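What follows is subunit A paired twice: with subunit B in the first complex and subunit C in the second.
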Partner chain A sequence: MFRAKLPPWLVLLLPAFIIILAVVAIPLILSLYSSFTPYHLTRPDTLWKWTGSFNYIKAASDANFWKAFGRTVLLLTIALNTEMLLGLGLALMVSKVTRGQRALRTAMMFPMMFSPILVGFQFKFIFNDNVGLVNNALQSLGLTDVAIPWLVDGNLAMFAIIFAEVWTSTSVFAILILAGLFAIPQDPLEAAKVDGCTPWQSFRFVTLPFLMPFIYIAMAIRSLDVARAYDIVQVMTNGGPARRTELLWTLIGRTGYVDARMGYANAMGYIAILMSIGFTIYFFLKLQTARRELGMGEM
Partner chain B sequence: MKGRVASSVLALAAGLGFATAALADGEYAGVTIEAKLIGGQQYEALYARIADWEKATGAKVNIISQKNHFELDKEYKADIAAGTTSWCVGSNHSSFAPQYPDLFTDLTPLVPAESVAGFVPANITAATINGKLTMLPRAQFDVSALYYQKSLYADPAKAEAFKTKFGYDLAVPETWDQFRDQAEFFAAPPNFYGTQYAGKDEAINGRFYELVVANGGKMFNDDMSPAFNSAAGKEALQWFVDLYKAGAVPPGTTNYLWDDLGNGFASGTIALNLDWPGWSGFFNDPAASKVAGNVGVAPAPKGSAGVRTGWSGFHGFSVTEGCATKEAAASLVDFLTNEDSQKLESAAGPLPSRTAVWAYVKDQAKADPYKTEVLAAFEETAKTAFPVPPTPYWIESGNLIFPELQAAILGDKTVDQALQDASDAVDSLMKENGVY
Partner chain C sequence: MAQVQLKNVVKKYGALGVVHGVNLDIAEGEFVVLVGPSGCGKSTTLRMVAGLEDITGGDIVIGDRVVNDLPPRERNLAMVFQNYALYPHMTVRENLGFSLKIAKKSQPEIDRAVDEAANILSLTPLLDRKPGALSGGQRQRVAMGRAIVRQPEVFLFDEPLSNLDAKLRTQMRVEIKKLHQRVGSTVIYVTHDQIEAMTLADRIVIMRDGHIVQVGTPLQVFENPVNTFVATFIGSPPMNLLDGTVQAGQVVLADGTTIPLPPGLHIADGRRVQFGVRADNIMPEGHALPPTAHMAFVDMAVTLTEPLGTETLLYATLAGTEIQAKMLNPRPVSPGETMRFGVALDKCHIFDADTGLNLRG
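So, the complex of A and B:
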């Protein structure tokens, strides 16, 4: 009886190949293929109708798509930088604490432990114009006598969403930067002190360059996170009103699952992924530069 | 045991007076019906009756999914895409049903004609899509009537100030123009507002739709091309814009959905509220509502064409085309929508969809003036109610229309520009899908 003999290395790797094929490769190829069709969830036969680049051209020429794209980049830029600055401040302060630091570090991670959906509901209530905590506090303190439409005004709504994002994820930066602070060798800091550097100069020219690789790693992780922002926004505003807070994934989610236009949604998704890839490459290049400056060599 | 089952079937049959043939003793023994049902406290009482049907027929019901309709809608679409439609009974809604033309089977050959004849004819018409009776309506008929705070109309100072300003007597509004005047008159933001409206998703679309119809227009032409960019459409959208600009509605109203509206009126900060029948009990419950004892209910006002608004919908049950035991599934659907089921369900407030149950519910409410007022207002509104346009693109086109309505309300676009943009977007959607 003939038995095919596979080389041992292939036999050992086969389970991994099969799992990657089934879980990643095939769905990816199928979704890429469907982005070239008018695939509509309720009409499965549309999956076999090839329309070429129609969906991509449609997305590229849709002003609403590009506005959502721009808004996502804006959210990413503001949220990431704010989280970085706050995280850096938090980490610097926590690193100085001598007693109860462990408890502090654990407490710092609490916001990360909440489901983003619940965070969304929490901030939706806090920023509600009629019964929300913020407006009630402002009115009780006599700071305003009008109901501020936090989740309606374009700028205020984006602020509220960014606030929720920052609240929930600043600790990602803080924890990673704290790890960086612990890894800094003490010799250069002591040498700086001996040379008469001010605390600011020590921080700016010694501590910060050592922290930059950690900051860029945190940036790369969070940029992927924020670029696919969906849950908090979906709950707080669902991209509205009047598309004022529409982000890429609220638009794509609605198109794919509510409107059932999965082919078009996938095309938009692939364009959106380009943005994530772009940001990741950017942060890794910065990371490489930062490591090179520290003499850590190429990655 | 068998004797008990038989006698319970007999008792049940005597109570129903129709469709008894479907519940022959043990007729479907060994059959298991997989069902996807709408979940939520207000729907659970009816599901308790499923055990009675199981006992009578010998079949078993396995509820494999329980979600709200928006989630069920996504699940049905995923099922169609994946071809996993062999489950049998699904909750359906008249607004969603046109989206799944092939998912559900025609119930006409499966349900006794006399059972179908017992429903309000307009409901059966709305449940019939492309000639197929796709669902049987349960006692969850929805149309909106006007809830208001009675005390506002009993204050002579207010009545006089109103007459001086508007030149006519202050009385519960019968037209949407009067409604706008009064909402602006009663508003005292940020603590009290004249009214509120659902401001997003299908909710604002439905409100816009019924106002367009009340103003003498329509949403779509017969070929399903958009028809709302008309004088009637502009008048309807202007109504929303005027109320927002005047500060007569809460500034966050464009983010509100049904729960926000219900809780808002119950908080006592809203004068006039167009809302669904399901809220009537909640509004008059002293434990839940600050306006309890002060709630008046009137038929929905009329638009400029003299037509009452009446966007209506109802929940129902359907049987899938892929179900292997359609007769048993249809028997369950028939059972869950029969007179006894509807009496049970409507006892908690929702409106029935069977003619005989309407009479029963009104009779039961005789001793309760509030309930009688509620039923009278909703019955009057239901007389001229109309379902959503029969197109599978109702939800999809709505997702293109509502952001434009919001843009006009918030002042990002003019009424003309918003309706033109919405109309263009819907036109290309229809063309892209080969509708015309």
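So, the complex of A and C:
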């Protein structure tokens, strides 16, 4: 009878290896490989044609790709900063509430509980130029006579998307910053009061430095989230009108599944992932600096 | 420098009273120590002076201003906290200079003040470190430096030494005393450690349950405690208290032992009292201070000895109560040995058994 003479450590590690191979490694290698081929979903034989860095060069010289890239970075910058400021304000206010704070914290998280697809539909309705709530309200208040083309004009559509994004995710910042606020030791704040600080100065010089690590953690998490933004945009504008709200992943999704050019889509995907990794590293370094400032040591 | 007055200051949290009408006048440049067991309201009182707690009733006057409703930053005082309360993200230099920066002083001025304070407290080599890289004693010095730099009218200390080990505490105690002699500011210092209170204070304020029990110089409260609480709280070891009844100018203890009343005291027969004597005033014969004019003698069996070097602390039982006595020029004593102890009556106290008040008045 055949009896495998595998060393015990290998036997013990094998289940983990197999799972990792099946779930992560093989798909990853396959997609990376396909990004060097002209792989077309409808012509499987194209998977075996090696074209080297052709797809990458094509993406790098594609104006549409770089516009989508720029728009994604823009969305990241505006959405993250707005969410951070609003979340900070929200957290500061909620932290002062003495009664019913638990209920408030729960209510604050409601937007996170909805599917982004539904949020997309909801805002698509709200910003609709004919039957939408916003135009209705503006016209009823007599602020404007014309129907504002919220989802049709490129800039306005981008604004509407950012608005929906901020509405959904501000609470992520609020919750994390609130956790930070609860963790702040009271002594230095009292010392600051006695040292002559106004409430604003106490916030600026004591509270904020304490909160920075929490803000950077939220930033790192959210940057990954926003960089892969797809659902809300897909529902609200489908990247349109005329690609004016096209983001990296809507472009990649369209290229891969609508145009079936999976090889090219994978190449763009890898560039997008590099960008995400870049953002994560950036915020992680910031986080480490902020922690070192506080004498919290290395992570 | 300024005087501080507390006029009938009250603090309540809802229905719960914490400080019940505290009256205290602190002179310019005086070092006053608030001392008492935990929960006696001493820290709350200090925090009210600092402006970190609202006051429910009464007035607090610093200098000639009523400061009841002024925020801490307008009271011109500095506070040293129990947990140091340093700003962890700032270097020692930034910590020291922070209040001046907030006060919009010029950089050269800040540098000069910081260097001077660092010099006084030997912090100069540590100026560029963060608090996380300092030892407890160093952090405490930074906290003090931060207070000095402001040149405030009043220094407030909230149990500043309680997180330090015994040796460092003694050392810092001396530094605080030197510091006060040097800057001469008014100081209010809160502690639960009666030794700190005795060694540092110009005047001690003993508090219990939100009331001031006694105010006086360290020697006054040591020699003339107003009640049994002060008698047992101030002084180490605490004063021995023996239950008894007055009969014909003598205190009759539970087992029938009699000790004469201290000279000058006339108490009606039958009154239940506590006889108070400090360990320093009850010593075994041959190992005692020279006898005074008013001595009484009791025989006691020693149960335990604590040699301290120049003296030995003896534990003995008298009328069912364990008491502590001091033995000078000690010799070895074995447990169970019966010795004859001399009691210096003129240093003893008689307290009412019910109210605990000192009947010497």
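In this section, the second predicted complex is superposed on the first by the 289 of 299 C-alpha atoms of A that agree within 3 Å, B and C clash if a C-alpha of one lies under 4 Å from a C-alpha of the other, contacts with A are read in each partner's own complex, and residues count from 1 in each chain.
One rule holds for everything that comes next: contacts are C-beta pairs under 8 Å (C-beta built on N, C-alpha and C of every residue); 3 or more make two chains touch, one makes a residue touch a chain.
Because the structure is a prediction, the values reported are computed rather than measured.
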item	value
Overlay on subunit A: subunit C relative to subunit B, clash or fit	fit
First, second, both or neither for A:205, with subunit B first and subunit C second	second
First, second, both or neither for A:294, with subunit B first and subunit C second	second
Contacts of A:129 with subunit B and subunit C, given as first, second, both or neither	first
First, second, both or neither for A:147, with subunit B first and subunit C second	first
Contacts of A:254 with subunit B and subunit C, given as first, second, both or neither	first
Subunit B versus subunit C as contact partner of A:44, first or second or both or neither	first
Contacts of A:194 with subunit B and subunit C, given as first, second, both or neither	second
Contacts of A:240 with subunit B and subunit C, given as first, second, both or neither	first
Gap in Å between nearest CA atoms once subunit C and subunit B share a frame through chain A	52
Set intersection of subunit A contacts, subunit C complex versus subunit B complex	none
Residue numbers on subunit A that touch subunit C, as the complex places them	185, 187-188, 190-198, 201, 205-206, 209-210, 293-297
Partner subunit B, residues of subunit A touching it in the complex	38, 40-44, 128-131, 135, 139, 145-152, 237-238, 240-244, 254, 257-262
Subunit A partner contacts - residues on subunit C that touch it in the complex	50-52, 71-73, 77-79, 81, 83-89, 98-99, 102-103, 130-133, 146, 150, 156
Contacting residues of subunit B [partner subunit A, same complex]	73-74, 77-78, 80-81, 83, 99-100, 103, 189-190, 199-201, 250-252, 254-255, 264, 267, 269, 392, 395-396, 399, 403-404, 406-407, 409-410, 412, 432-433
